[in-house]
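Two complexes, one shared chain (chain A), two partners (chain B, chain C).
Now for the complex of A and B:
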């Protein structure tokens, strides 16, 4: 026996979750499972959904106004080129449905400009509602508030950067102590928890709830600004309530500035997606890696019509040393790139560790990188090549397996960090891979 | 070919001909040395966002500090283990948080062991208290011999007051009740296994709690497995060691583990697989033993240990068998299910919901991914009680909001906390399976009372 399902998605990030949701959506009778090893790298993610911020061949021309305009010019092999721009639009609409009113930006094709914690602006297609009042295209003056114990956001510096970058408003920064936090390196979850639970804290003015104490401290610094930006630690489960309370007490709109990892907006997106998975009846197994696979007998492959490559019969999940078989009809590989360890490297080779799918790369490792740190790094594009069905291709451009598709950063041919396309590619390829897997498993 | 693939050393004549061997950066370890693992940490801090203690306790510096940073500091010998390591609750959530495979909980366990060994005064109240809590297994037989007296004495407010004043054991909690008949007594009285089957055999690691406090869970396992035709062995066993790891009592844990590995390895020889009903016990056998000890057969015991429900899912058609069955009686209605941290870390957090969804008329509602907060002996310590309840608050809220008034979990201490925080009666998944597969009549007797 094995744990039996129809579609098995390996990987629990944005691509994997989207693939599982899309499979369940495309074929409601199909049983879908998502297996994820480590917690997804969504906790590292800003929570912003970028489609394409910069053109890969001409980044120096600055941020793209309309990402969809640029999709048709992408080189062959780019994941967007593989799935086509209609699929990108469908995937984004699918995301909008799942996200509901937690995300904004769907009123326009144009990229929004969201200020980041460094004071730069990032072109993005969708953004959490918590950042909506902070957009750089908005001309209202802004006060940015940083906390003494949170060195990742230096508010005066970020404000100066924003003004220098030509933001159409004046920005001012203030650094305050966070009521209730005395540790120099308190965790971001600590701030969020204090506000979420509105815990009682002691300040110079006596004992009050954390939200009120924070608002009182900020009010003393607030001038004519009609909006106030905080680092993105304003609550977790009750984030909307925290923001509303602060805004009411301050008499100004309140927004969050996305932060580096670990990131609350990333965690909230993770929660949103996993709630949707539960709602859709997708079974989730987390905390254990898929380590191996078995192919079907030769006659089973022949009966399948031999649609290119072997057929995966089942995969093996390692449960702290015990090997557990999981069987499905269709598989989606969404294990991430070099950072997520879906693609790995050794001194001699770059490889995909579960199915050993072919990863195109130069034989000489000195050709894997260029000396200019910010240059066009070949390793940034490392990943699987795929056909238009997103089936990984071997060295001869034949599908590795007839029932395996790939999605997200495990795919190669694009540099998500340079072109700001990580979330969009995960959504589009996850959507296509999941939909096809669901349809075929039916 | 690049020089990195075949490097040459200009300073050593003739070196070109020799086969290249990568430099051994760290000397061969003679004892536990976790510094190499520390280098895998790139300080993304994801572990910190998963730490239930750091979220509510402003004093606790979090798993990244306790693990890789502490072991980096210790590269120089003049650094002591930081005493905050005793605030870690050993929930082990940091392990599955880490995207870079840093062995965090192993580092914490080792650091705690070293701290207790070298820095803690063995005559201190804290040491004595921790030793008593960690070695509950040693006291339990005495209490179990006189369960009614023990329950009476432990329930007295004067006992609780003394426990708090003398030992620092919180008086807020009620001591778990001891069963009037232990599981092993019941097992012996019934004459051992009722099924003989050389082809389907399991060795049951029942752990302390289901032996002394909730034998109904252990009996449920026996009835469910016998329903599927398994011959059950109940080998001699000691505590799994979990409370000892959590208190840095590694020598106590080593002694217990040695017994368990020896006895369980013998059961493997007899053709049995090992099955546990408590998620911390299975975690201990599967992960902590191989990380911390190297007795003969430690690895094979780890590799052949299973969670009781998962074993049936993989080896039997459990869901097929449950299909269309229903459960009699009011006590099996809908459940508010909490996945214990140590289930979560074994990838078993979704299992109970999946399996029970097949049974007609009952549903298990997941109450979310927060930690219950008690973490074994952690929430029993006076100084941790408040932290423990703050961590649990989210779970209590979700249990209250769920459409159920009975709790469900696989961890004995999580169930104490669930009961303590909500007043709900708490059951184990195996009890529900027993009721569905073999009827609840036999299970009703000896059931523990809520509150």
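Now for the complex of A and C:
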């Protein structure tokens, strides 16, 4: 007996979660299910919500103040062009609603510039509240604090880099031991846990809570600065409380600088999304890969593909070696790009592994890259082409399936890393794909 | 006339560093100059095979005998650079029985311990060998870290008073009539350790005697003093796998051919190679088909290579040479023996010799012979000690392994650190400072990175070759940044940024040849981390335009 739903979303990252939430929101009576295989790539991500940081055709003009202004100039085939700029705004408003007061930035259309752990600044549309006091357009002086045992963030170097970037404030860095961390290679989650639980730690001054001990160590270095930045390890479940306690003890605002993987802001965003999914009544099945599909004719067509415009009848999920059919009316493919493995490659080809949807790419793999590491990389644009309904298109520009839509990094035709548009495209396409799927399933 | 140094060695590869160490140990005043990093030319671009001599046992017995002798010496004096993997010459059903027999007899005639294994026995040693492998000859091939070995020679030369200048390119040979008396070099960032963004300088260095040990570049150096040295550079590709599919060196037992060896090397396995003459050692095509050929052909020996993950490919250039008049067409037929060209005898120009040909395994013997020649020229009576004196790091490996605690490091990290550092481990790792892991893939800690920075300045590629940091699966995507962080505060922000950019681009260079499957996914992740999370591709600190910060969101 197949599992029966109305909308089935494959993929549990930002795009998949948004699609599932949007489907449930658009059609409250439909049954929505989300299946995910591995941990989502959100733990790799900074947790910032970028819409568009640079115009793809003229990045030399510098970061865009208003990302929405530039949407209409995007080339044909760009996911934003497919869904239209109104949908981008609606998707962002939808996200603002889901995120509630966990995110900031919705008071203005202008991008924010957020300091990165490398010391430069990055344009983004929404940011976790934990980073709000760190904005680079804010002209208050800042003390950046790094930890001896956390080599990813060298605070004095980051401070010097911010000044080299022209930030309108003075930044100073200090490196301190983290009270209570005894191992030199503790994971970032250990730092967060110590603060979350306010564990008792031993310092030169005796035993205190981790928050107080950290504040005391920082206070000795604090000068006139009215804000203090830390690498993004300030708690997990109780992050707001940790930040508030540190701020009270220091008499200064406290912010986090987003970090590379594993990223706590990314994980917090993931938690936020999964709480919202539960609240919206979306069924979530995790840890299982989708391995196959069948079309309405019940032909197992799998990897060699069916004819254009077929209707997907059901997909097959592998649960510990047992093949279980999942049937739905509408499907959303949100399995990620090259990083999330929604797009894969071999020496001779680039492909989408579940439905074998067409992925445009050069035949010769030496045309997949350029020699400058930050040049205009063709591989960064790998992914599915789609119509304006976000249905993946085959090599003849016909929809691959009538009831399959794609969202997020599995879509091609844009370079999210260069544009700083990854989260925005996931939101906009997830929102549109989910909404349409919900409406059609009704 | 007073000179700056007694002997000037040109070239910081294994031969040059070996000569510098040998002469310095004999008490001579030595200066070595190298265009790039140590190992930048041929030495850093080899497959890491410590030859048993088996490879040459049929075609080039003089080289074979020399290899096994040096192989045994290096195990003694450079234990921390050598892994005694053993090697197999593997015969497939289509490979000739006669050649197999010739190889076996050749090994025995040259004093190379050799034993025949049945196909089944060979697969017991290496389970991933193809099922139809017929039989194999077991020989004492090994794996050697050319970076570590070359650097150890340079460090020991310095300990014995030598001056070693990297990033010092020879721009002219100083010749007065029929005498070469020195060189002019261009220091990329002034003499001493390299510092990014520091201004360059030039320097004339005079010497009583000059040794041209620049290998494939020997002809270009010679031309600066109108000396004709006809080296025949020959390129070869190597492809690096992300894990060790084999723990033994696997050679194909057939006369000659491309893609016939797999060398386990640290955490990786290296597939090699091709042999094709090129006209310019600095500019030759790096072709896709060469990479594909490595995988396709070697999969006949080790079938899982077909599906395995490669992390990068690189090309090296052999400094082949044969005496004039031999007329060999195929570079694989040119002897691997080396030649000392005394330009006084050959060209009537005194004060300089060139050393060409040869191979990594016999670098020490080459250095000994050249050093003897130099001593004779300078009338110095001193004998060679390099066959007996261990290199720094290899002085007392057995005691080290037995008695050393783990410096507070998790055991895999400690084990790998100790392997790399050898007897220097205590000196480097014993620290009261926090010592977190900087490179997760290779288990390299801050103390080891800082030790390498002390040796080499802001050149993170020099740090890389000393530590292996950034050489694992992620190819630096996760750790380049952390390596650069360790340069601060000794070096300023702009210098650190330039050093990071250089390393990140260098890591990309080799990775481009491995861009499919898992490694393409890794490349995209690396790109996303550096471009998206850090915005390093549009870093305003490096851009000409300034940002109007006030126009952006300043907070609610």
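Operating definition for what follows: the second predicted complex is superposed on the first by the 431 of 442 C-alpha atoms of A that agree within 3 Å, B and C clash if a C-alpha of one lies under 4 Å from a C-alpha of the other, contacts with A are read in each partner's own complex, and residues count from 1 in each chain.
The definition used in the following text is that contacts are C-beta pairs under 8 Å (C-beta built on N, C-alpha and C of every residue); 3 or more make two chains touch, one makes a residue touch a chain.
Remember, predicted model here, so these are calculated numbers, not experimental data.
When both complexes are overlaid on chain A, the residue A:364 reaches chain B and chain C alike. Applying the stated contact rule after C-alpha superposition, one finds that A:185 touches each of chain B and chain C. Legend: residue contacts after superposition of the two complexes on their common chain; A:38 is shown touching chain B, with no touch to chain C.
Using the contact criterion defined above for the overlaid structures, shared-chain residue A:416 touches chain C, although it does not reach chain B. Using the contact criterion defined above for the overlaid structures, shared-chain residue A:341 touches chain B and also reaches chain C. Contacts of A:156 after superposition on the shared chain: chain C is touched, whereas chain B is not. When the two complexes are overlaid on their common chain A, residue A:3 makes contact with chain B while staying clear of chain C. In the superposed model, A:121 makes contact with chain C only, not with chain B. Ranked by how many residues of chain A each touches, chain B and chain C are led by C.
In the superposed model, A:137 lies in contact with chain C only, and not with chain B. Touched by chain B in one complex and by chain C in the other are residues 44, 185, 261, 339, 341, 347, 364-366 of chain A.
Every residue of chain A that touches chain B in the complex is listed here, in rising order: 1-3, 35, 37-39, 41, 43-44, 180-183, 185-190, 193, 197, 237, 261-262, 267, 278, 283-288, 317, 319-322, 324-325, 339-341, 347-348, 364-366.
Residue ranges of chain C in contact with chain A, taken from their complex: 288, 292, 295, 408-410, 413, 433-438, 445-446, 478, 481-482, 485-486, 488-489, 492-494, 496-497, 504-505, 508-509, 512, 515-517, 520-521, 523-525, 527-541, 543, 545-556. Chain A meets chain C in the complex at residues 44-46, 50, 53-54, 59-63, 65, 104-105, 107-108, 110-113, 116-123, 132-133, 135-139, 148-154, 156-157, 160-161, 163-168, 177, 184-185, 258-261, 263, 337-339, 341, 344-347, 364-366, 368-369, 371-374, 377, 379-380, 416-418, 420, 422. Across the complex, chain B meets chain A through its residues 1-2, 4-5, 44-46, 48-51, 54-56, 58-59, 61-62, 65, 96-101, 283, 286-287, 290, 299, 302-306, 310, 313-317, 344-347, 349-351, 354, 366, 393-394.
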